[in-house]
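Take this structure first; my questions come after.
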Amino acid sequence: MSDAAPLLRVENLRKRFEQRELLNIASIDFAAGTSYVLTGDNGAGKTTLLRILAGLEPADAGVMRFSGREIGLADYPTWLRHEIVYVHQHPYLFDTSVAENIAYGLRMRGVAAVHVETLVADAMTWGNLESLRNTPPGNLSCGEKQRVALARAWILRPPVLLFDEPSANLDQEARRQTSALIQRAVDGNNCVVVASHDHEIINLPHMRRLHLVDGVIK
Amino acid sequence: MNIWEATREAFALLFSGNAELWRIIFISLRVSLTALLIATPCAILLGYGLATFRFHGRRALVVVLQSMLSFPTVVVGLILYLLFTRRGPLGDFHLLFTQDAMIIGQAIIAFPVLAAFTLAAVQGADGRIRETALSLGASNWRAALTTLREVRFGVMAGVFNGFGRVISEVGCSMMVGGNIADVTRNIPTAIALETSKGEFAQGIALGVVLIAVALGVNIALSVVQGSGGLKS
Amino acid sequence: MRTFSWRGALLLCFLLAFAAPILTAENVLRLEMTTTTEDSGPLKFLLPAFEKTKGMKLRTTIGGMGQMLKFARNGDVDTVLTHSRSDEEKLIEDGFGIARFDVMYNDFVIVLPKEDPARIRGLTDAKIALGKIMQAQATFVSRADESGTHRAEQRLWREAGFTPQGSWYLRTGSGMGEVFANERGGYTLTDRGTLVQQRKNLELELLLPGEPKIPNQYGVIAINPKKYPYVNANGAARFVDWIVSLKGQRHIAEYKIDGQQPFFPNAKLR
């Protein structure tokens, strides 16, 4: 395993904001079939790292490789977005329906309508969302929104899933449900990276821990 | 003549089934709605682009766009007149004093309103909308459509405003349309004519007609817009 | 305390500067004229001369004939300078004006496009020309706005015994008859003052002035203070007296555009 090229590798990644150094990472490898939990205090750079990996924010310097292919961080390629999917800490749900939100990525990938229907039904079962099928997203609780967002990303089965603080600000029951979903999202072939300081998630089995302190991996 | 007499006369005219009146209403609607149809897609794209992308000269463009909101319609008419007159650079197209010229003028007048409202709506939109769309695999183009759909109320406010501006403008229509009976006479130029003739009651009556027409169009647009769910 | 904002103060100053009360003078006379009168230039020569000699300030309203007559009937102005005799006489008859005086005249002319599809070039009688235009169904632009010019045109058709109708008879309510005729290669009726003023912008020819002329008589009326006690009757009287005086009449006669005299004074000197 260790001889093969890692699924995702980052080298010499640097990111500054004004005078402050947000990230300074010599090297991290993310292997296929392994899942990671990214810990660290608020402001340690967890969110910034995930957003750079997702191509939502540029890095000042650094190289990223996906399956050995070098990616220019200044010009994030569109094809990579089909491989790496990011979920916000407080996810935004489109003003449509729960089912349409979950179907969004499939539609963007041009999946035929018949397949979309079965895949969405499947993802609703996965996320325990069947009862919410026709609820307007505005009427969902925070925990329910988070589950919709996780299902919306999971349905795409990308090689890399990035979850940013998925259980923050949730009540006990919602946190339990969320971490259960994250555990189910790890299927042994993909690579799930979760930023969190929630022990429910940190203590999930088979999670490798990466600890960030002031933008540096310890 | 007092305002009550004028209003009474207005309603009498409205319910008399006057063919010329209906022709004027038809011309008004045809010109203004066509102009909106032409201006809206480009204006929305420009507004979205200005709100979303950072590029050189962006701020200058925004300022120009916002100043164009106070561009007098008659000046738009004058500029078009100079282009369309027989001796002008576009004189060979014989556009002057046609409905097409009025449509072009009104599209120009509506454009900054539509673009500025879209700009404000998209700028005020939640930044996560576009990021979510992109991360779920949307192209830039699809992400734009998704964002615009999410802020459709702000964009539609621009359409309502743009419609209000063109359906009621008189300066440009008069200048490039020429207020020809049954050809380029719309409600505002008809009002201007009645006023200059001293037929104030007719003018008020047409004003009431204009308001009724605007009400009808706004109701239709509201139906198109639909009702949105609660925003989180 | 941070309640004071420089930006706010600046904005306030800005607004105040523009909201400053408009100065009101005692000697303000409200005069109204029709658009045609304004088009042919008297504002530029006659009115400043009056203001200078009499030390009065004129506030001139310009608009369509009907609108101006309505304003006069509502006492919104002090004195009126128009060119539709029948309407003016009606104003006196109904008691809104004190008296009407001739001031000046010129004549209406038919202008023709270069192409001259109805072949009226060289004709001298306007009525025969109208008949040929109608026969040829050549574009004729009517102002159709009840202005003095439009009234004269209607009278001319009537006297010639025709009723113009059809797509060739273009009714434009825009007060831009000459511009229209120029664009569309059509015929139209206009007054010589306007034509002289706009000549340089037009490619139209003048139908050679012949007999009988189509007169365009301008009259002045002071609004009756018995109807509206608040009108500036004194100022109106001074304006009327001045414009029909030798001095005022001379100003009219001396005014020329490109060497052509647009107006001929014809007040009966008292």
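Worth a mention:
We call the chains A, B and C, going by the order they appear; numbering starts again at 1 in every chain.
The rule is short, and it goes like this: a residue touches a chain if its C-beta (ideal position, glycine included) is under 8 Å from a C-beta of that chain, and two chains touch if they have at least 3 such contacts.
Keep in mind that what you see is a predicted model, and the values were worked out from it rather than measured.
The minimum number of touch steps separating chain A from chain C is 2. Set against the Cα centre of chain B, the chain with the most distant centre is A.
Chain centroids computed from C-alpha atoms place B closest to the centre of all protein C-alpha atoms shown. Annotation: 77 Å between the Cα-based centres of chain A and chain C.
Averaged Cα coordinates give chain B a centre that lies 34 Å from the centre of chain C. As a whole-number value, the distance joining the C-alpha centres of chain A and chain B reads 44 Å.
Looking at chain B, one finds that none of its residues touch two or more other chains. Contact with two or more other chains is made by no residue of chain C. Chain C contributes residues 35, 63-70, 74, 144-147, 170-176, 180, 182-184, 203 to its touches with chain B in the complex.
Of all the residues in chain B, the ones that touch chain C in their complex are 1, 85-87, 96-97, 174, 178-181, 185, 189-190, 192-193, 195-200.
Those residues of chain B whose C-beta lies close enough to touch chain A in the complex are 126, 128-129, 131-139, 142, 146, 149-150, 228-232. Chain A makes touch with chain B in their complex at residues 54-56, 78, 81-82, 85-88, 90-95, 104-105, 108-109, 136-140, 145, 152-153, 156.
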